[in-house]
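After this come two complexes, each holding subunit A, first together with subunit B and then together with subunit C.
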Partner chain A sequence: MTARAAKRRGRFEPATWILLSPWILALIVFVAYPFGFSFALSFYDYSPLNPAAAKFLGLANYAEALKDPLFWTALKNTLVFVFGTIPFTTSLALGLALGLKRAFKGRDFYRAGFFLPTVVSIVVISLVWKGLYAPEGPLSALAQSLGLVPPRWLLDPNTALASIMAMDVWAASGYYMVIFLAGLQAIPEELYEAAALEGASSWQRLRHITLPMLKPTFLFVLVVNSVRSLQIFTEVFVMTGGGPLHSTVTSVFYLYEQAFYKFRLGYASAIAYLLFSLTLLLAFVQVKWLKLEGPKS
Partner chain B sequence: MNGLMKGLLASSVMALLITGCGGAPKSKKETVVFWQFFPAEQIQPVLDEFAKQNPDLDVQMEQLTWQSGLEKITAATAAGNVPDLCELGSTWFPRFASQGALADWSDSTAPLATGMVLADMARVNGKAYGLPWVVGTRALFWNKDLFAKAGLDTSKAPETWPELLEASRKINALGGGVAGYGVNAGERYVLFKKFMPYGWGNGGTLLTPDGKGSAFDSRANLEALDFLLTLGKNGRVDKQDQLDEAFMQGKLGAQISGAWLFRKIPKQAPDLRYGVALVPKPATDHGTHASFAGGELLASFAKSKNPTGAWRLAKFLASREAALLLCKANQSVQPAVVGAVADAYYQSRPNEAVMVEQLASAVPTPNHPAWLDMESAIEDEVEKALYGKETAATAITNASKRIDALAKTTEPAAR
Partner chain C sequence: MSVARSVQRAPKAPWLLAPLLLTMLVPFAWMLFLSVQPGAGGDLSLHALSKARFTLEHYAELLKQSAFPRYLFNSLFVATVVVGGNVLTGAMVGYALARKRFFGNRALTWGVIATLMVPKQVLMIPLYLVLAKLHLLNTYAALILPFFVDAFSIFLVRQYVMQLPHELEDAARVDGAGELRIFATIVLPLLRPALAVVAINGFLLNWNSFLFPLIFTDSDKLRTLPVGLALFAQGEHAVDWGLLMAGSTISAVPVLLAFVVFQRQIIEGITAGAEKG
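Right, the complex of A and B next:
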């Protein structure tokens, strides 16, 4: 970057501020303010029905969460969800991207098809899958036709969370496939040409060119998907309501219940901030692990 | 994770904008802002009738959704930008009332109390904070064809526990994907409404009369749970929509369900031969045909701008004529007025009339501020028993301990 360009970039015309102001305002009102407000709330006993009676509790909400068995159940379920889906989502997305990178007839159709779940409302997806998992639904019928006893899917505490996870892998892979496709396209063709000249097999090209070059993409996918998965809520809300026997209660679902069914906004905020700390920690570990400064995109 | 707080703030700001704009004087008419959950095509004719009779009032109706309505009301209450009149579900109601969010209507509703079904639904700590509008209950839905196939009497529904159990056993034995009885599980705020009718019918209760302790750990409730578990073994355990689906497909002998089926069955299973009956009682000479009573209340907030307009609208909506008009359009709820069953509409619809009749022995949930927690506690433990994770006796004792701890929370508002 030339010195002149840097200077030009650093200068903010009044027009810049005016044009940016709607966005900045929205950021302050809808992100920064709630972010700070909920942090403050986490130290209070606060009911939205009677805000005047709010009481300062110090760290009591946090202490209560750490002693609350359902908080731990929710956290355990959330972590099972995160670590149980991400390897599958990531490998499926990468596999799809590799398969759909080459030109072949109908490629765009498949690309669009796998991406489709991303643009469909997750509520709609959840409702459809709830039907698929129904005892009279097609999945049970399929199992029966194969001579198997169909699992109870969402009704069995042992399979309910796994059923939601399977749906999530299907629904989320398309989005990360597109990210991987973008990453793949950024890899210079010359590298493959050179490798081909040296007689590298396709596995060697994947192992020594594609995967290392995709490192920034991996990091982005992992961090974004972890942050998203730690906040899993809608699927649970629509499909199981946290049941049966709390087997699908996740952290955000639990804090939602505390906030909007039990009106304990302070306690819910404390849970939110505990989850936030965990999210930060996980992102930090991922960045360290992939030894990169951060995603470029 | 801050999506939640974002949503809350966003909706409170929206509420502010909406009510702020709505309050602008457009005419000399006084405005009444009314939030409710019924589809516009069902409520609008009722509001039109109100407008005819009250030309000086301009009702600004806003339809809330079941997905986000409670959040919206909560956010509006926190922000102090509340509607004048609001529909509140009976299970949310005690929280709002006990935390001082609602207007005290004890004096205005007192003269109406004798004509109301379930007037107690609006009472918290001896005061009335609302007006029961429409109510709903659960009754026994039974499939006449399956009863016939199993060699049972199709001229009358099972009236006692042994009769229901025998019917479930015989129908369950038919095989071919047919189940005898449907027990709920796998979702929240449903199982309680299907279990407690047997508990109440057997003389069981939830709280001590002063509301300060649990009375749940009783022989009556234990027998009811044992009965439910036996029914579960002679039927299927599933979510409500699946049970309704199975019932409409002719694959379920009997279940306790709600009036929403009166709209669904003619559309999805017009040929289904079914009957509706009061929830069976323990024995011919013992117990009652109890059921769960829930409903919608009309309430005004302590901070509402037009309390008199709100009361006028509420009184009209809860009147026999207006409530009947809405209930006929909706079919899932019944008017909260005494003697509604005498109306020609119900006289020509025996199944819907059973619902109105069932209301007479239906029991509302306690108006305790911690009620939803108590309901969750019962559902948790009953579900554990259904899944064989604990015995019926342990389930009842554990639920009772949890209820007791919640009831003894001296200042529930502080929770």
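Right, the complex of A and C next:
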């Protein structure tokens, strides 16, 4: 073996392993072990109050979840949330990015303003919006002054979830705007100049240059936003507690209640894995969908 | 030519987007407004605007009579230690993964990326049990240890080191400096821009973190601001809007300040995440 080959393969260097040790430790204790452990747990009846009574159930936890109507309600609410917010969040974020791409006086202030909700705790945002949605609050007053009968927002099972979704679009768009802005900046200016020489309208430039070139950005935004939205929890915890009439129970909220109110950790682990599979599936479908279409150029 | 043309045209964006921008800012203005209006219940109606007054009584009450100072301290303490950990271990591990050849490099790097993709609700229950087994539930350690080493920080530093030139390190090696000394005296200072991004994003994430602190603690003494605030709002104080908005303001101000000062680093942190996709 030549010295070069040995070097390529690397020799044992204590310093390297000292530098790596925090990650190796964290990866084992806080990622790999819990990940495997919860998978095993999903086949057991397990309560932390009485761990000795743990019982192997096989697939019974999974079967129970699939039979529980509340599990399906939670799943339906979560999917409504994901598919109901993402088109709005994505188009708003893209629109903002397109509007704030070119320089004008005060542009940075605009960008900062739209990004603002992203840095503030979602607990704070949820509390503020709970106040905005209160029956005696400003949004009801606004509806009244427009001559409408104000909806009961968070107190009505028909509007509660939609109210939380509207807040989410408001709160999340700025984050994806920043990602779209980065994507827009990566598009070579020459493409637009060439199109302008050929007399392309601004709509044609958007349709045939900007949108196709943004495809990887779209993919990233869709995947990240759906993974995040599948985990909606804090908003529900703060604003409605899952009510009224379970109309805002999301999958993670359901999981949280099963695990930490009812202490059914085995069952909750099964839910977590079902949700994880759904997340992977959704991410996979989005990747396929956007890849298949392929660049037109 | 086209550039000149688009400059000449007066931009429409400011006018079109102004109402939207207002929609973004009004809820925060309203939060501030309610936090300084007198009265226990707080007047949510628009009439409150016409009889606007100014008082700091809600802030005084929060800071004197409740557990809020404790929440504030907990949030600051936990975020500081976690950010310190993220910066130090991110630098160590990110550097080693980017520069060192060793058996298992690929596996450990994949571990970083896989960790970034695992939704945290899968780890929520087993992490709780791991902490219970270690007798760490309801301690500061539960709020710190699981987040001390952060995959995103490692990833960010790794990407940054990959595009740094080797020369300085090689020169030091020729001079006979030890590997750990090279890391501490030569590499670490070079990493400063990446570590600033790690620190500010780590701070925001940790300061606003809710689900894990909610699960891992159940005493008032250990609650962080978001958890304290959320539980405060569920109890008898559910309609004390003045108090709630004062608490919200206290929780929002540090991140707003951080945002004003470190906007560039925050944006870099987000787009660094996007470029990996």
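As a convention for this text, the second predicted complex is superposed on the first by the 270 of 297 C-alpha atoms of A that agree within 3 Å, B and C clash if a C-alpha of one lies under 4 Å from a C-alpha of the other, contacts with A are read in each partner's own complex, and residues count from 1 in each chain.
The working rule: a residue touches a chain if its C-beta (ideal position, glycine included) is under 8 Å from a C-beta of that chain, and two chains touch if they have at least 3 such contacts.
Remember, predicted model here, so these are calculated numbers, not experimental data.
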Following the superposition defined at the top, how do subunit B and subunit C come out on subunit A, clash or fit? clash
Check the contacts made with subunit A and report whether subunit B or subunit C touches more of its residues. C
Touching A:G99, do we find subunit B (first), subunit C (second), both, or neither? second
May I ask you to decide whether A:F260 touches subunit B, subunit C, both, or neither, giving the answer as first, second, both or neither? both
Scan A:L59 for contacts with subunit B and subunit C and give back first, second, both or neither. neither
A:N50 contacts which: subunit B (first), subunit C (second), both, neither? first
Which partner does A:A272 contact after superposing on A: first (subunit B), second (subunit C), both, neither? both
Using the touch definition from the top, say if A:F30 reaches subunit B (first), subunit C (second), both or neither. both
If we overlay the two complexes on their shared chain A, which of subunit B and subunit C does A:L148 touch? Say first, second, both or neither. neither
Can A:Q231 be said to touch subunit B (first), subunit C (second), both, or neither? both
Could you look at A:V252 and tell me whether it touches subunit B, subunit C, both or neither (first, second, both, neither)? both
Across the two complexes, what residues of subunit A are contacted by subunit B and by subunit C? 29-31, 33-35, 37-38, 48, 134, 136, 230-231, 241, 252, 255-256, 259-260, 265, 268-269, 272, 275-276, 279
What part of subunit C is in contact with subunit A in the complex they form? 1-3, 5-6, 11, 13-14, 16-17, 20-21, 23-25, 27-28, 30-31, 34, 44-46, 89, 92-93, 95-97, 100-103, 105, 108, 111-112, 115, 118-130, 132, 145-146, 148-149, 154, 178-180, 183, 204, 207-208, 210-211, 214-215, 225-227, 229-230, 233-234, 241, 244-245, 248, 251-252, 255-256, 258-259, 263, 266-267, 270-271, 273-275, 277
In the complex, subunit B residues that touch subunit A: 1-6, 8-10, 13, 70-71, 74-75, 77-78, 95-96, 99-101, 185-189, 236-239, 242, 245-246, 249, 251, 372-373, 380, 383-384, 387, 389, 413-415
Complex contacts: residues of subunit A adjacent to subunit B: 29-31, 33-35, 37-38, 45, 47-51, 53, 55, 134-136, 154-155, 157, 160, 230-231, 240-246, 252, 255-256, 259-265, 268-269, 272, 275-276, 279
What part of subunit A is in contact with subunit C in the complex they form? 7-10, 12-13, 15-20, 22-27, 29-35, 37-38, 41, 48, 96, 99-100, 102, 104-107, 110, 112-117, 119-132, 134, 136-138, 141-142, 170, 174-175, 178-179, 182-183, 189, 192-193, 196-197, 216-217, 219-220, 223-224, 227, 230-231, 233-234, 237-238, 241, 252, 255-256, 259-260, 265, 268-269, 272-273, 275-276, 279
